[in-house]
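Contents: one structure, followed by commentary.
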Amino acid sequence: MLTDYGYVALFGVVALLLALSMVLIPFALRFIGVVPHNPNSVKTSTFECGMETIGKTWVQFNFRYYFYALLFVAMDVLIIFLYPFAVGLRKLGSFGLTAAIILIFIVLVGYVYAWKKRTLEWK
Amino acid sequence: MTVALAGKDIGPQIEKALPGSVLESAPGYVMLKPEFLVQAATFLKNDPAMAFDYLNFVTAVDYYDYFEAVYQVTSMTHNHTLMFKTRCYNRVDPVIPSIINVWQGADFQEREVYDLLGVYFEGHPNMKRIFLWEGFEGHPLRKDYL
Amino acid sequence: MGLAISFWILAAVAVIAALGVVLLNGVFRSALALVACFLMVAGLYITLSADFLAAVQVLVYVGAISVLIILAIMMTRNVQHGNPGNRFALPSLIIAILLLGIFVYAVTGTQWNISKIAPPDTTVATLADKLFASNGFVLPVEIAALMLLAAVIGAIVLARDK
Amino acid sequence: MEIERPHIYPDIAIDRAEGKVINDLKIASQPIIPDPDKWLDSELEKNMFLTTVDAVINWSRRSSLWPAICFPACCAFEFIATNGPRFDLSRFGMEILRASPRQADLMITAGTLTWKMAPNVRRIYDQMPEPKWVIAMGACAISGGTFASASYATVPGYNHIIPVDVYVPGCPPRPEGLIYGIQMLQQKIAKRSLADKA
Amino acid sequence: MALHTEPFILNIGPVHPSTHGVFRIRATLDGEVIVDIEPVFGYLHRGVEKLAEQRTYTGIIPLTDRMDYITSMSNNLAYVLAVEKLAKVKVPERAEYIRVIMAEMQRICNHLVAAGAFINDCGAFFTPFLYMFREREKLMDLFEMVSGQRLTYNYMRVGGVSQDLPAEFLPALRKFLKEMPAHIAEYERLINDNEIFLARSRMIGILPKELAINCGISGPVARASGVKWDLRKADPYGIYDRFEFDIPTGTVGDANDRYTVRIAEMKQSLRIIEQAVEKIPAGPVISDVPKVLHPPVGEAYGHLEGPKGELGFYLVSDGGIAPYRFHVRPPSLINLTALRQMLIGWKIQDAITIFGSIDITMGEVDR
Amino acid sequence: MTELFANPWFHWAFYTVLLISFALGAVMGLIYIERRGMGRMQSRLGPNRTGPFGLLQAVADAVKVLLKEDIVPANADKVVHWLAPIVAFVPVLLIFAVVPFMNGAMLADLNIGILYVFAIGSISSVGIFMAGWSSSNKYSLLGAMRDVASIVSYEIPLVLAIIGVVILAGSLSTNEIVKAQANIPFILLQPLGFIIFFAAACAEINRSPFDLLEADSELVAGFHTEYSGMKFAMFYLVEYAEALAMCAIISTIFLGGWQGPVLPPWLWFLVKTFGMFYVMVWTRTTFPRVRIDQLMALAWKFMLPLALINIVVTAIEVVIWPTPAGLPWVLIIVNFAVAGILIVTWSRLMKYGWGRVETTLR
Amino acid sequence: MKLHFGNGLLKGMLVTIKQNLRHPTVTQYPEQRLNTSRRIRGQELVWNKTRCTGCATCAKACHQGAIQIVTATNTENNKYEVETYRVDTGYCIQCGICVEACPYDALFMGARYEKAKYRRAELVENKEQMADSLDRPVSGYFHPERAEKLPVQTLLVEKINEDRSKE
């Protein structure tokens, strides 16, 4: 099993090198004059439909979005439980099924509550 | 067919409602005093016999001696139309009251007149240049521009 | 041999990334370093033959927790410079050193038993047996679900418009 | 332009700042920028290797010209018609219209340029990565067209603001005329050499 | 809670793929939600009104072509109507029919572009737009056949039209009339029932009837809000009182209504053209008008139901060869009056959709 | 030959070269298919000048983009700006490690194959977020924000939709899943799962109608507004490589992967993958884009409950008929009926006209 | 006002896929060329030297002022002769008013539209470049007698014959 992960890890290294080279080749070619490079203050300024940006560009976002992330984490954890269940269902039989349905049901209570509280709307 | 109401008929009616507001009742238009413009416009809009609910256009003409603001209004219920005008004799900084609170449709058109002719509409919440940029010198549609 | 090499690489990168979390200036970069750290930890799980756990680590920590952190960053006002030093610097240093001491003591003092049993071939099926079979840990699983429920409701309360 | 939380409706300060930019540009861009025709007629002595490299590079550059979006006026519709199902610019691999100048190679200036717009066009052009080309499409883009004669607001030709590679006359040019112009630009690109620039 | 979003200013335009030219919305956003907008005009202000004061009455016609460049014929016609009112010129019968055919073809042309661009703004990847442009090309062919240009026709003249229709025009037009309904049905199949499109356009950017009238909004935008006002019926210029057609109106006044009204208007225009093609008489196409026109001193406001709304020209003559004052009532500009009320509270995506549903041409907004 | 493949180093080297060349080559193919296919659907032709039949168009684009000037905005977070394309690109390539081209012909037959795909795939979104955030551009930032929104919403239905398949196959390994489809592809047993997975996959890889992050009619170019040259090309590549990966995954888990009569297995796999991509092109040509809150609502209110119901239904079916020897046809009918009824009834919960927000700032 | 996901989406998809089978309406321009309108106003003016009297009506009619005409008296046969006749095609908007104005049928709209140039100065055409010749087709704009001789315009409503080899 570990051999397989070894393959993946080494493949990952190669992929990383490939990605790096893709970024670095134009960078290297710049020095032999094939790729132009004449930055100036206008060129490197922010593009905003041809206007200068007004105010700062990193702005604060609303707190409401945080709720989604929390709900997302909760659901993600639920899914993690469901995967072993799904793999082993044929062996587990109806007992496992009941357990999983109870599991889903408990989390769904919170989900339904969130729906009813209209917190599922992205504002 | 939309009936173009004669200024001759409407002028006296406005005069009756707002004494001293009408300068001239020509066949094609009614000439109003600028001080009474908003009141007359409100009257024209709200009077059930007139019911001019729709403002076709607002513009102004530069006649060297004076600026003439031209308004054309239509009543969608009665299907008739009327043109009324007002004059402003000050050439340095001409001011005419804004009718944006009567017909919101005048919003951009008054700004346009201000931009191109330099007639300031008093009471408009956002009276600034619309087509040209801040810092542009002069008002190009004036007859003495260039 | 291969395991040892990969362990050291993963551990070293994890520690560097963890240091980056603390030392880097921009909050966003710190968060990215944290993501890198999580990834390395997932790699460590793999070297321990816990492949399902590694996937869970990536899925939950890199996929979900990082989003949580990123969202938290989106809500901060001054993203580029992070926190300036404050008067809690000294107390926190002391607490950190104390904690480190406790950990080192605990690690060195523990008798590390090494299991002689080979790791199972398919971890997921084994896990399924342990979690959902009638003789498994069904009750803790349901309790975990209750915890998730509590978290969701807590989130709703937090996000409610006041 | 650092303005603190300006979300109150008429913000005259922004307008003033922008107006100043426009006025400055108007004063600065009275002379015409000469046409970039440096490598047009020159047949340089090239060595074999460079010629091959040039050929490959120029082939790729001329076969994938991605136009930036700069559609002020009438000619825009002829440009879209060119892009449309009848004349089909996508045959030349040009259907990828990049809204962001960072990813574009070619600016097809389809329409009248006013002084108010000029800083934006200049800015968009500046923000395009090199190498970049400009096709002046239509009379307004070449000379201001109808609006040049007495108008206070129009720029008499894009070549006051940005260098123009190909002029396509017409008001607006027929789509075929534009494609012809694009092919002329492709021929122009084909003559470019790495050696010239250095 | 102390944590809230910082509002920030975003420039949408002037160089933005879906501002239909060079319009600019300076939007103040709270996250994705629009808190406040300020429309900024003038990026295509070319001084048409000033230029027109220096030109002969005939020389202005090419200028009107370039004002609303999608609907050049209608612009020509509106201007010519105003001059005819000013100079009291009669128009021959055949020319009147040609004008109606041209104006209605132009209306179809404009609505094709408007509907296509609107769906494009909803995010469809050009497909409906290109389909509609395909049919527009057919109209372009016809316009080109008549006037020699594809976009800027310069075809109407004071007292008629510049040239008679070529012999092959009417057969081609009949052919077009025969196949166009199938194409409109195709667009309807393609997009009208699409759930994503409906969700994106229904109940979005509602313009109430009273607000529409008060803002002077006209054309399909007003009709979508339920204002049954069409100058072709209310004030039939030319010979519009001889044709049978309906005025499609919307009920809610949302973006979808504006789209459906446009599609319905195309069908009505086809109806009008069919009737005109049947009845068109033979005869001269231009009345005897001096080459250099000297209208009497006075003023006239000529208007027509343009594809975008009430398009009017207000001319003041001092008896010279050029108008003393030349003012355009631009439907595109005035239809934007309610933009602020329509956009605030919606997300950026909706803002683009709503803006697209109004259908403006910058050449006419800024002139 | 088999001995050679038994050598782990050779196995690794062979598949590494194969996967990378497959990914890059197929992406070019996808771009060609997309441009030509879309062109035809839009009643035009698409690129046909560059090379025979326009086949070299993608090559020309690639060479041009490689030689384009690279602009890094002055006030961007430069390190993150540089790293973002790499972080986005590497995971996408890694996905291909578990894609079976033939029986067992894959780089690594992981026990947790499917889970690995989504775990790795979620890293890519971080790269996209980095790009949007670091550009210091408001459009990019909005794109980044939408990226977060789409991660948050679409990860869940995507992963849930697979569980039905996993229940049927009883394994997480991609090769095992393909083997389990020897008789009948899972698309017939899991129609609802397939629809949800397809939609969620489109959202995950930001393809139309869910291409909100780079919505060019609204956000100019979204998260990569400030990227030029090769780094932009890498995002372009990522987009198509992700699409390729997702199509490969879909064909593996729903369409029976390399299984198929007559043709060699690898050809079946390719045909299914490219066919799937053609469907994606087709939807892209036809549909308008959804709005961000509709995207969220669709994920949270439509696809999540339906996916859960799908899991429960599938689980019950599997428990009742542990070995569906003679039963697949019944199951197919039942599942299609369930899918149809659920979609129709549940979509009634959706309504028009959400979206107006009463702003308090004025 | 109920939504059913699916129905409308599928209908739309059917339309696009059907389009795939239909013949595309593309004219592959450099190889295939459309017959333009008989009245085409191309991007040039064609000037007939023999008919022109140098009256400058065209220059007066041109509100653009794009036509520059200088006449000189030829003392030999006591006639006006056109010394310079110059049109800036980059400035001309092809409105055709000069052609309409010409009282001697000496000015025509040209039919050519491939006039792109690399340099601004090349766009100014002098009288040699504008002169009437055989390779410079003349459009029938305001000259119906010429229009009749020109080929019939290709129309999209008619079926265009297309060469499918280069797809």
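By written order: A, B, C, D, E, F and G. Residues from 1 in each chain.
One rule holds for everything that comes next: a contact is a pair of C-beta atoms (placed from the backbone, for glycine too) under 8 Å apart; a residue touches a chain by one contact, two chains touch by 3 or more.
All figures in this text were calculated on a predicted structure; none of them were measured in a lab.
Counting only chains that touch, the fewest steps needed to get from chain C to chain D is 2. Comparing mean CA positions across the assembly, the chain most remote from chain B is C.
No other pair of chains has as many C-beta pairs in contact as A-F.
In this assembly, the C-alpha centroid of chain B lies 25 Å from the C-alpha centroid of chain E. Note on chain placement: the centre of chain A and the centre of chain E lie 45 Å apart, centres being C-alpha means.
Centroids built from CA atoms put chain F at 61 Å from chain B. Under the contact definition stated at the top, the residues of chain G that touch 2 or more other chains are 1, 3-6, 9, 12, 15-16, 19, 24-26, 28, 36, 63, 93-95, 156.
Chain B has residues 129, 131-133, 140, 145 in contact with two or more other chains. With touch defined as above, residues shared between interfaces to two or more other chains in chain E number as follows: 1, 3, 6-10, 14-17, 26, 28, 30-31, 33, 35-36, 42, 45, 47, 50, 62, 127, 130-131, 134, 137, 152, 190-191, 194-199, 202, 366. Against chain D, in their complex, chain F makes its touches with residues 35, 39, 42-50, 54, 56-57, 59-65, 67-71, 216, 220-221, 224-229, 232, 361. Contact residues on chain E toward chain B in their complex (touch as defined above): 41-42, 45, 47, 49-50, 211, 213-217, 227, 229, 231, 234-236, 241, 299, 301, 303, 310, 312, 314, 316, 324-325, 327, 329, 333-334, 336-338, 366-367. Interface of chain A with chain D (complex): residues 33-34, 36, 38, 40, 42-43, 45, 47, 49-56. Per the touch definition, chain F reaches chain A in the complex via residues 8, 11-12, 15-16, 19-20, 66-75, 82, 85-86, 89-90, 93-94, 97, 107-111, 115, 133, 135-139, 141, 145, 148-149, 151-153, 155-156, 159-160, 163-164, 166-167, 170-172, 220, 225-226, 229-231, 233-234, 292-293, 296-297, 300-301, 304, 308, 311-312, 315-316, 318-319, 322, 354, 357. For chain F in complex with chain G, the residues that touch the partner chain are 37, 39-45, 48, 53, 282-283, 285-287, 302, 343-344, 347-348, 350-352.
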